[in-house]
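Next come two complexes, and both contain chain A; in the first it sits with chain B, in the second with chain C.
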Partner chain A sequence: MNGESYAVILVYSTSHAMRIEKLLAEQGIACKMIPVPRQISSDCGVCIRILRADVAAARTSVDAANIQVQGIAEV
Partner chain B sequence: MIYFDNAATSWPKPPCVAEAMTHYLAEIGASPGRSGHRLAIEAAREVYGTREAVAELFNAPDPLRVVFGANATEALNLVLNGLLRPGDHVVTGSLEHNSVMRPLRALERSGVSVTTVACTPTGELAVSDLAAAIRPHTRLIVLNHASNVVGTLLPVAEAGRLARQHGLLLVVDAAQTAGAYPIDVQADAIDLLAFTGHKSLYGPMGTGGLVIGERVDAEHLEPLKRGGTGSRSEREEQPNFLPDLCESGTPNAVGLAGLGASLRWLLAEGVGHVRNHEMALTRQLLDGLAEIRGVTVYGTRDPARQTATVSFTIEGLQPSEIGLRLDDEFGIMCRVGLHCSPAAHHTLGTFPTGTVRFGLGAFNTSQQVAEALSAVTALAEGAGGRR
Partner chain C sequence: MSAVVDARGLACPQPVIRTRAALQTHDAVTTVVDNATSQQNVTRMAEKAGCTVTAETREDGIYLDIRKQGTAVQAAGPAAAAPAAGPLVLTIPSEFMGCGDEVLGEILIRAFFHTLGEVQPLPDTIVFLNSGVKLVVTGSPVLDDLRALCDQGISILACGTCLGHYGIKDQVAVGEISNMYSIAETLLGAGKVISL
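Our next item is the complex of A and B:
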């Protein structure tokens, strides 16, 4: 994947994912909705893929908006 | 053809509603929140966009506390069945629709007690009477924001402050007001707002929902249904977080796409703009009806204190006959009878024959009101001659 390193934000529901997608877009943080990688969770939903370099900024934004997430994992 | 049945369901809809629904069916189609492919994600974006638009319209701080369902009736059933337990007491008013009264009457059989505070014959409610009805075990105040029969607006913000003083939750049935009258769940202290999409929000039927305030602990809300949510699929227990707690089964995503479009239309038009238009039409209608001999108008007869819903009777004619003749002879569509609200008609003194109800909407015109007044005049003069 172009040599980039990624992380994923794991969320409780697709509604949460949509809220975070909008939030990150407002903050100028690139993200993409992807199916949850099997090695991380058996859940059938989506997660938000971001660059590893953006993890700290994304975490700050999500916490500031008081959105509960399951976690952020490197992939 | 004059459509004056907007209090039942609004029509026509802004063209963007059908366009959005067609777009969803033709170009998106997938199930929101279920899969991770691009169409499923696009579907989820549509539904989430509608969630955000609802939150914006009602000034709700968190779009994730907007839960969707089929209509206001389902939302009210969710609240009443989901929060009340045996021994709890509820205070409500005497203008309620059966969407509140029937669930409450059923809950009475399982040990919930209900006090119905009498409204005046014009449908108005004194907050001091609500306060006097509060007991130690009172859990909820449930109020119709505006009567579906006479349009009278109830003092929800004052009731909200009262509820907070007593540590109660305020439930508001906004079926008649959402989109037609400004609602701010924070400023009005509304803890649970039940809305429908197909009336003054100008969306399609089969859409509606509940805005759940921060004072409501979702842990204590029993959902009406349990099932697949697309989340926490490894577990056989219902998720305990919103909105998934209350949204089991594939949603009406095509309907919600239409509702999203109508909400964006409404936000662009402005609720205040629609309200001013409807108040002007209501004033014209009330003034005209007051001039017709034999016509009795119910409610406040003050456009500032009611929605654009006007109920009347004509001496010497049954409401059912008036409705038929307005349709057959004048092309005017309205609703006659009891309007699913026996409590309101008892309050107004119009039970059991009911009234003729003109429900005006954003797309009605002054010309239509003038034509309807001519039609009512002709019917009343004919009836007068018959006496």
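Our next item is the complex of A and C:
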């Protein structure tokens, strides 16, 4: 995914992150669990990185699975 | 002076030990091994000691022609292996980061290796030990990150004994299978060792 534009799904807990990662992987949406980028938060947390092109699909999946997220930010 | 070390049939780390011993008294050594892992381990030791290594595969074994280069002679001894500002070595003794909840430990180790690709300074060598070796095999959650680090020239060593213990020696997907002899040399020759 080098050289791509990314977005991150910000979550409320690591268990939420894991659920989303599993969900997206099942649906064939490329994702990676990474630390929350410094420019977004200084807190020690993880988020799910996806391609910007997949934001809409990911949002639909997450909503359909009724997983609450803090938001989706472009990075 | 040259010497021949017949290391065929010898278990690791004997080929390395015998080659090293021969290099203490000879300028040129031909070591004959019968497997790729021994070839890699002997080659790595010799190159670290400043020797040139030429490999020739024959029907009865792999012949490693090892020659000392000028002033590098002393480097074969452990005393010369530890310069004041030596390499930065990172050891990974577990597949998890930290003690406690293992689910969290996996998340943290994944975050760690992702971050390692974005910060400085990078380690020169990463040594994987005990269950840490599970991170270098097929299916590891950090494989892509490790491959990227490898592409940047970072040496990745996985403990062969540990891979054997977990029955995953044939699944190594990144780095080199190493032995305690090389690992001990790497640690002792380091300028700084960081153990997770």
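Quick note on the criterion: the second predicted complex is superposed on the first by the 74 of 75 C-alpha atoms of A that agree within 3 Å, B and C clash if a C-alpha of one lies under 4 Å from a C-alpha of the other, contacts with A are read in each partner's own complex, and residues count from 1 in each chain.
Please note the rule applied: a residue touches a chain if its C-beta (ideal position, glycine included) is under 8 Å from a C-beta of that chain, and two chains touch if they have at least 3 such contacts.
What you are looking at is a predicted structure, and each value in this text was computed from that prediction instead of being measured.
Novice: Looking at A:68, would you say it contacts chain B, chain C, both, or neither? Reply first, second, both or neither.
Specialist: Only chain B; A:68 stays clear of chain C.
Novice: So which one touches more of the residues on chain A, chain B or chain C?
Specialist: When the residues of chain A touched by each partner are counted, B comes out ahead.
Novice: Is A:52 contacted by the first partner chain B, the second partner chain C, both or neither?
Specialist: In the superposed model, A:52 contacts neither chain B nor chain C.
Novice: Tell me which partner A:35 touches in the superposition: chain B (first), chain C (second), both or neither.
Specialist: Touch status of A:35: both partners.
Novice: In the superposed arrangement, which partner chain does A:17 touch: chain B (first), chain C (second), both, or neither?
Specialist: both
Novice: Once the two structures are fitted together, what part of chain A is touched by chain B and by chain C alike?
Specialist: 14, 17-18, 33-35, 46
Novice: Which of the residues in chain A end up touching chain C in this complex?
Specialist: Contacts found on chain A: 14, 17-18, 32-35, 46.
Novice: Over in the complex, which chain C residues touch chain A? Could you list them?
Specialist: Residue positions touching the partner: 103-104, 107, 110-111, 114-115.
Novice: Can you tell me which positions in chain A touch chain B when the two form their complex?
Specialist: Counting only chain A, the residues touching chain B are 12-19, 21-22, 33-36, 41-46, 67-68.
Novice: Under the stated contact criterion, what part of chain B meets chain A in this complex?
Specialist: Those residues of chain B that touch chain A are 32-37, 40-41, 44-45, 47-48, 51-52, 63-64, 229-234, 239, 241, 243-244.
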